[in-house]
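Provided herewith is a single structure, encoded as structure tokens, for subsequent inquiry.
Labels A, B, C and D are assigned to the chains in the order they are written; within every chain, residues are numbered from 1.
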Amino acid sequence: MNKLFIDADAAIADICDEAILMVGGFGLNGIPENLIAALVRKGIKGLTCISNNAGVDDFGLGLLLQTRQIKKMMSSYVGENAEFERQLLNGELEVDLIPQGTLATRIEMAGMGIPAFFTPTGYGTEIAIGKEIREFNGKMHLMELALHADFSLVKAWKGDHLGNLVFRKTTRNFSTSMAKAGNITIAEVEELVEPGAIDPDEVDVAGVYVHRIFQGKNYEKRIERKTLRIQS
Amino acid sequence: MNKLFIDADAAIADICDEAILMVGGFGLNGIPENLIAALVRKGIKGLTCISNNAGVDDFGLGLLLQTRQIKKMMSSYVGENAEFERQLLNGELEVDLIPQGTLATRIEMAGMGIPAFFTPTGYGTEIAIGKEIREFNGKMHLMELALHADFSLVKAWKGDHLGNLVFRKTTRNFSTSMAKAGNITIAEVEELVEPGAIDPDEVDVAGVYVHRIFQGKNYEKRIERKTLRIQS
Amino acid sequence: MSLDKFGIAKRIAQELKDGMYVNLGIGIPTLVANFIPENINVIFQSENGILGMGPYPTEAEVDADLINAGKETVTLIKGAALFDSAESFGMIRAGKIDLTVLGAMEVSEKGDIANWKIPGKMVKGMGGAMDLVASAKNIIVAMMHTNPKGESKLLAQCSLPLTGMACVKKIVTEIAVLEIGEDGFILLERAPGVTVEEIVQKTAGKLIVPDYVPEMQL
Amino acid sequence: MSLDKFGIAKRIAQELKDGMYVNLGIGIPTLVANFIPENINVIFQSENGILGMGPYPTEAEVDADLINAGKETVTLIKGAALFDSAESFGMIRAGKIDLTVLGAMEVSEKGDIANWKIPGKMVKGMGGAMDLVASAKNIIVAMMHTNPKGESKLLAQCSLPLTGMACVKKIVTEIAVLEIGEDGFILLERAPGVTVEEIVQKTAGKLIVPDYVPEMQL
């Protein structure tokens, strides 16, 4: 069982044009910086990216938008990105907007082996168009389907050789669910440790879900909106 | 916001006859010993207990069976209990047997606000009788419903005044999901701490799900099958 | 005199009760946290995975791994809990969040809300708003009574694509507090110095005006 | 000579491959862990919430908070992970467990399995078996070829209530290794010294016997 890869380029070597990718993170928080950079270097095109946001112009998935490698985004919110807007208005980019909770849960359900579920979100809105609607407990619900990906790309704080991952603060966001939903899951970590270095009680994503892991480098961890308390 | 109770008796004071309870634990592992003892003392009858197992004759839910306080069990496996068998064969006890994964997931879904979902478990068996069957991705699935309770009774390792819970080893089992599925969730803990004493990254059940909490005492933590390695 | 955004936030803060779990949207709703009454404790949820969100950090406290749903740096209170988005929206869908405060472009007299899409304009997405309005026990909208063109945002029916149906409970604007009743908007309070006539004139949907409409106490 | 339970476990252990995630049921399947080939690593899952289950503890290692699905005290290997039952069965349903080994009362030539209920007898429950057989990628049954009355447990159709339909891939008994083919049981190997005739005689379902049936190499 060898899940260790030397770097991001090695870990994504078999990702091809037209692949469906899940990319972890919320805004620029907890994004797989090394993997995104490697995708830019590899230059593959026609990607479908499932990610809550689309990065900013010069960071995160914005980098893959600059190079026109993304064909379609599946996200809940895609502001903060002028290039995105340009491509969308020009019809160069397809966008599937999904309510954030439905997006997170569709991904989570894929990792739980549940192909479909009911949620009240979006009933009475255009999101419900074409979906099966059913009443439970006096409330209307939509049937939503699990969302899978060819590859899930996530970034964790720590990880071990068996693929166990630990996250810090709000970097769990979509990444823990995506790690479970990928046919192949690739994790980059700030700190790669030996099995045994992570307390089994503190594992956020068990190794069984993670197929490839490597130690990332040069993390920038850019902050989108640094907001400070006014000190009296 | 005061969630603190002095003991188990105070915490269950408003549980009445015919209540539907979820009781955490797997076998005798991680069971709410203080709460079960308090239910015995209170003597309320006609309880429906949702719990993976039914304890042993003289411990766990077996204590409530001895006193005939349980009307119905919803479980995946009810061996290890002679009194249970006697009551069942005499028609004194109702039993709803549910596959373990379906049971765990029905409880989890209640805590996620998802009223129904599809699972392949039980297709082609008597479990499927009367259930909606549907094909997804070429595989047949049953529709199962979320499972709620009036009260969820769980035991955690540590807990704070805001209701945040941390579990140790395999004691998570059904307890973390049940804590999220109760209309009122009551948690007993081995160690009650001040807010701030638990690392936010290590919380297993966030306080929002927990309505009452108290420090348990005299934990016996009985082992059902102590099995040792033969040392050479 | 109509309220400024701080006044709206201050009035909404009066709706908070001890022990509530609250989700605040971006914009005016975020300001509500600055006006929590002294004697109560409320816990703020941020849908990207925080229960127990604290104030913005000092320079020394800034942590790139800790942001809120508005992508701003934040801190945690003692007793906070962190989790992933699936769990966070599970919490929201299961009705564990007592109160959601969010902005809106339009609200109808039935409690429908529109706040995510203007046909013909670039659509950025609904984020978590559709999930929040579909499931929170209590939803308060914080918004201006009229749009920049002076048109009422309280309508018989929303003209914009909906975010949620029949979900808003209360609306606080710069001139009034209203609730959604069986038969339309019910005027509960007016801003200090604002007349009932002004509110009537600026409300396009059906407005029920009780005999006595008190001024807000701020 | 027919195998004992250790022999069956040893033969099943030959099916393990490096890197596999494996769930072992109680009884004979549990013994498989004792016979893992030296040169490979497999990781054992226990459905009550362990990935990376280790051997039974020494007296000093016993921890009441750490048991396996058979309610036995266990240990953890380095690199183990712990989680709750919902997550554990999510993992199982999502097909992340490569191999499940479990016992059975009956197996049909279509791969149906019955192992939880005998009409007229006290039913203890299916535990996690129905979930495991519905979703594991590969399912091997470890059982005796015949029941205590000498009747075959490999049938054209199960007579007992099913645990799962068309899910078993392979069966290892005290006399044979068989796989489920399109048209029935295919005899792959026989226990050392056991004749094909004995296996034919003890198999009630349709049995396909190739020209050459090798002895198991144990």
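Keep this in mind: a contact is a pair of C-beta atoms (placed from the backbone, for glycine too) under 8 Å apart; a residue touches a chain by one contact, two chains touch by 3 or more.
Predicted model only: the values in this text are computed from it and were never measured.
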| note | At the largest C-alpha centroid distance from chain A we find chain D
| note | By C-beta contact count, B-C versus B-D, the higher one is B-D
| query | If you average the Cα atoms of chain B and of chain D to get two centres, how far apart are those centres in Å? | reply | 28
| query | Cα centroid separation between chain A and chain D, in whole Å? | reply | 37
| message | Suppose each chain is reduced to the average of its Cα coordinates; what separation in Å results between chain C and chain D? | response | 56
| For chain D, what residues touch not just one other chain but two or more? | 82-83, 86, 90, 92-93, 135
| Do you know which chain A residues sit against two or more other chains? | 105, 112-114, 119-120, 168-169, 200-201
| Pairwise, which chains touch? | A-B, A-C, A-D, B-C, B-D
| task | Would you pull the chain C residues touching chain A in the complex into a rising list? | result | 46-50, 55-59, 62-74, 82-86, 88-90, 92-93, 112, 122-131, 134-135, 161-166
| said: Please output the residues of chain A touching chain C within their complex, sorted ascending. | reply: 26-30, 52, 75-80, 85, 88-89, 97, 99-102, 104-105, 107-108, 119-127, 157, 168-177, 204, 221-229, 231
| note | Per the touch rule, the chain D residues reaching chain A in their complex are 18-19, 21, 41, 43, 45, 51-52, 76-83, 86-87, 90-97, 135
| task | Using the touch rule from the top, collect the residues of chain A that touch chain B in their complex. | result | 105, 109, 112-120, 134, 136-137, 139, 141, 145, 167-169, 200-202
| field | Contact set on chain A toward chain D in their complex | value | 1-2, 110-114, 160-162, 164, 180, 194-196, 198, 200-201, 203, 206-209
